[in-house]
Amino acid sequence: MQKQAVFQSRLLPLLLIAPQVAIVLVFFYWPAAQAVWQSFLLQDAFGLSTTFIWFENYQDLLRDPDYFNSVVRTFVFSAAIAVCSLSLALLFAVMADKPLRGATAYRTLMIWPYAVAPPVVGVLWVFMLNPSLGVLAQGLRNLGFDWNPLLDGNQAAALVILASVWKQISYNFLFFLAGLQAIPSSVIEAAAIDGARPVRRFWTIVFPLLSPTIFFLIVINVVYAFFDTFGIIDTMTRGGPAKATETLVYKVYLDGLLGGNLGGSAAQSVILMAIVIALTAIQFRFVERKVTY
Amino acid sequence: MADVTLRDVRKTYAGGVEAIKGVSLKVADGAFCVLVGPSGCGKSTLLRMIAGLETVTSGEVDIGGRVVNAVEPAARDIAMVFQNYALYPHMSVYNNMAYGLRNRGLARAEIEARVHEAAQILEIEALLARKPKQLSGGQRQRVAMGRAIVRHPKVFLFDEPLSNLDAKLRIAMRVEIRKLQRRLKTTAVYVTHDQLEAMTLADLLVVMNGGEVEQIGAPLEVYQKPATTFVAAFIGAPPMNLMPAAHAGPNGWADSLPPGAVVGVRPEDLMLGQDAPAGGLRLPLTVEAVEHIGAESFVYGKVSSKAAAGDDVIVRVAADATPALGTSVAVTASRDKLHLFGADGRRLAD
Amino acid sequence: MVERRRFGNLIPHLILWVGIALVAFPVYLAFVASTQDNAAIANGQMSLLPGDLFFETYYKTLFVGTSGSTREPVGTMLFNSFVMAMAIAVGKIAISILSAYAIVYFRFRFRMAVFWLIFITLMLPVEVRIYPTYKIAADLNLLDSYSGLTLPLIASATATLLFRQFFMTVPDELLEASRIDGAGPVRFFKDTLLPLSRTNIAALFVILFIYGWNQYLWPLLITTRDDMQTIQIGIRKMITTSDALTEWPVVMATAVLAMLPPVAVVVVMQKLFVRGLVETEK
């Protein structure tokens, strides 16, 4: 797709694109290229000599049980967060889509957590579920539940997932509501005339018509679980206890912080890039996009 | 005030498509020229070349004695009214009209005087503070015209300006555009695909087809003496009846025509009646459909003679003389009402 | 809509109220905690109703900082966060609208190459190239500076694509009318395209402001000096590993202050926010 009517000028367009191209090259392509290049190098402990070792960093990484566990963990987290927040959001969106009194107020009250930063989300939930002083933790204890996410890895994972789901509901709610409102009411009315009861109407008409939205949100939620949970994890558990909440991104961060194996870190980054590119490609492939490139 | 002259103007697109295949044309100062033709005939491209919105591959575009091929649109001293009006949606009506004048650095008072003058002519003074969104189709059309008028250009260019209006408004605006142009005496080039609009507006009618000019002339001249079968069929509604000359026979004059010749006759020139005038045409018809449009009717018939069996013919008859469906009638035309074309579609000498 | 029974709406109302309670409870609790005494909270004897230390805590948080350490007051952090969010929003919009203008309204060599160069960056968030980017920022002497905080986050394609999409829907005749009216590329941009993009710019601004305000990992690496911290970093550093030393009322007040600007933006400019979110993700 192209404009037919354009301006004739050689210099001006180059001046216009220069700032963005400069920033993209310096802060995007240069570091990305460096990550790829470094992932093929072995550097000694003092950084004095480097050797080109092809895919050895990747091989080491894939053989490392820590890394493997982190991969599995990340995907489990993603699935849990996506399933929980999508189903809750869909429930609320279906309710809010009904012609209720105060529907706009409900919408406002549901969407604002989108604006809460991940580290703040982490702080809020850590405070509620802190084993010694948290309000909810006390409730759990009173129910006879041995709650201590500082020691129990599974509980820590549940804590991170819970907080992440809480934050993501608003986003999913917004898109579900938009998707629901885009379904023409005549279709629903036709189904009603055809004798479909409300629940059946939902599963046979509304849900299928909503599937592009659902698919789009699944991809977005997985990406969210990969990256935006970083702030939540860092304020809640710092990857612990015993790596129980160490996702791929958090592992990149920790390994980098410790310094040491530059090539291994770079290889982790490159694998992450590959995953994101794959997810984006899936999204382009399957979601009907209005954008024409 | 200026005349517009095109000298063998051609347009070839990068892909090799020839949109304009050599057009020469002279529009006198103050004349209203209409370019008419079916969609894709190149009429809009030609207009946009005069405006400077399309480059000229070869030939010359001359406005008021100056060749403007390489001149920017803004410097050609033209004004254009677009099909979708192209009003600036974020500017008020006043600013829409004033914008071009401001860009030319006119004094504030002068701009104001010109805008008010134009608004007065177009009766849109009450709308000056509104945004285009708040206007009806007809009002937008007027603002688009106003934007052209305030510029006091040498030439008005119109690109199908009425096609977004409903039928009634279209006729009213058509009359107004003509009155306005007469009053301002500004040369105008107007593009349309509507032959009726073309006929009513033009001093000079240019019929185009496939990137070429089929005929240039005064509207009545074009109607009465179409230069080609294309013009004969395109100008006039319902269109002229055309059939191979052989179908019209046996006739004295038809036998002397070159092979492949075509004979044409307008629906209003056919008469109900049995006896053909000497040297004229007679066709026996079966009436297949009838359109009553008030004072007159159009009769759609199929020729039942041996030579021309199956040809479709349209006849205009008075309302009270309309034959019944399914009946057989005969229609005739005198020799001087017949148009004769050669096998190449060009008019034969009368 | 079909079918309205007499008590049919009771259940939806109920479910929505549960949902709202669910999302609001943690924040309510944070606010309540920020108005109470630290000792009561640390003992696990926090009341579920607001206390009377509101002004005291917020004054201390904004202008003094936590007592146990040399941390900056949260006022400074708010300022840093604001500068960063504004710079990211304004910077991204500015460079994006210009490059989109060039890509849509001009023909130049490597036009498609430039488009793809920018487009590909859509796929990769800063997190996946974090250390190499850090190294470049360090090499360029950008650590502990506002440019270091913002520039790498400006490098992305969403805004460019959004403007490109929008420009493609602007009718060609508008450009042609402008040309006949004597406007060149600069004037056309300033007088016509920019005013027409107003809503898009505003919607994008809302989204980018929130995006910038909520950045975490990058500021965590790039800032080392306390007076350059953003509020998201500050709040994390307030939570010490031993519970006893954490001043919970101040932490919670900081959390409330950190939420306030972006949440206010979402609530007040809800229409623009929804539009921006839907447009940028499309």
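Note that the chains are named A, B and C in the order they appear, and that numbering of residues resets to 1 at the start of each chain.
The rule is short, and it goes like this: a residue touches a chain if its C-beta (ideal position, glycine included) is under 8 Å from a C-beta of that chain, and two chains touch if they have at least 3 such contacts.
What you see is a predicted model, and the numbers here were worked out from it, not measured in a lab.
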- A correct list of chains touching both chain A and chain C reads none
- Task: Would you kindly say which chain has the C-alpha centre located farthest from the C-alpha centre of chain A?
- Result: B
- Determine the centre-to-centre distance between chain A and chain C, using the mean Cα coordinates as centres, and give it in whole Å. 16
- Message: Need the CA-centroid distance for the pair chain A / chain B, whole Å please.
- Response: 61
- Message: Please output the residue numbers of chain B that touch at least 2 other chains, ranges allowed.
- Response: 53
- Task: Could you list which residues of chain C touch at least two other chains?
- Result: 173, 176
- Note on the structure: Multi-chain touching residues of chain A, meaning two or more other chains, are 5
- Which of the residues in chain C come into contact with chain A in the complex? 1-4, 9, 11-13, 15-16, 19-20, 22-24, 26-27, 29-30, 33, 41-44, 46, 48, 94-96, 98-99, 101-108, 111, 114, 117-119, 121-125, 127-133, 135-137, 140, 151-152, 154-156, 160-161, 165, 167-168, 172-173, 175-176, 184-186, 188, 210, 213-214, 216-217, 220, 232-233, 235-236, 239, 243, 248, 251-252, 255, 258-259, 262-263, 265-267, 270, 273-274, 277-278, 281-282
- Message: Touching residues of chain A toward chain C in the complex: what are they?
- Response: 1, 3-7, 9-10, 12-14, 16-17, 19-21, 23-32, 34-35, 38, 88, 91-92, 95-96, 98-101, 106-121, 123-128, 130, 132-135, 138, 166, 169-171, 174-175, 178, 185, 188-189, 192, 198, 216, 220, 227, 230-231, 234-235, 249, 252-253, 256, 265-266, 269, 272-273, 276-277, 280, 289-291, 293
- Query: Taking the complex as given, what residues does chain C use to touch chain B?
  - Reply: 171, 173-174, 176-183, 187, 191-192, 195-196, 198
- Message: Which stretch or stretches of chain B touch chain C in the complex?
- Response: 51-53, 72-75, 78-80, 82-91, 99-100, 103-104, 147
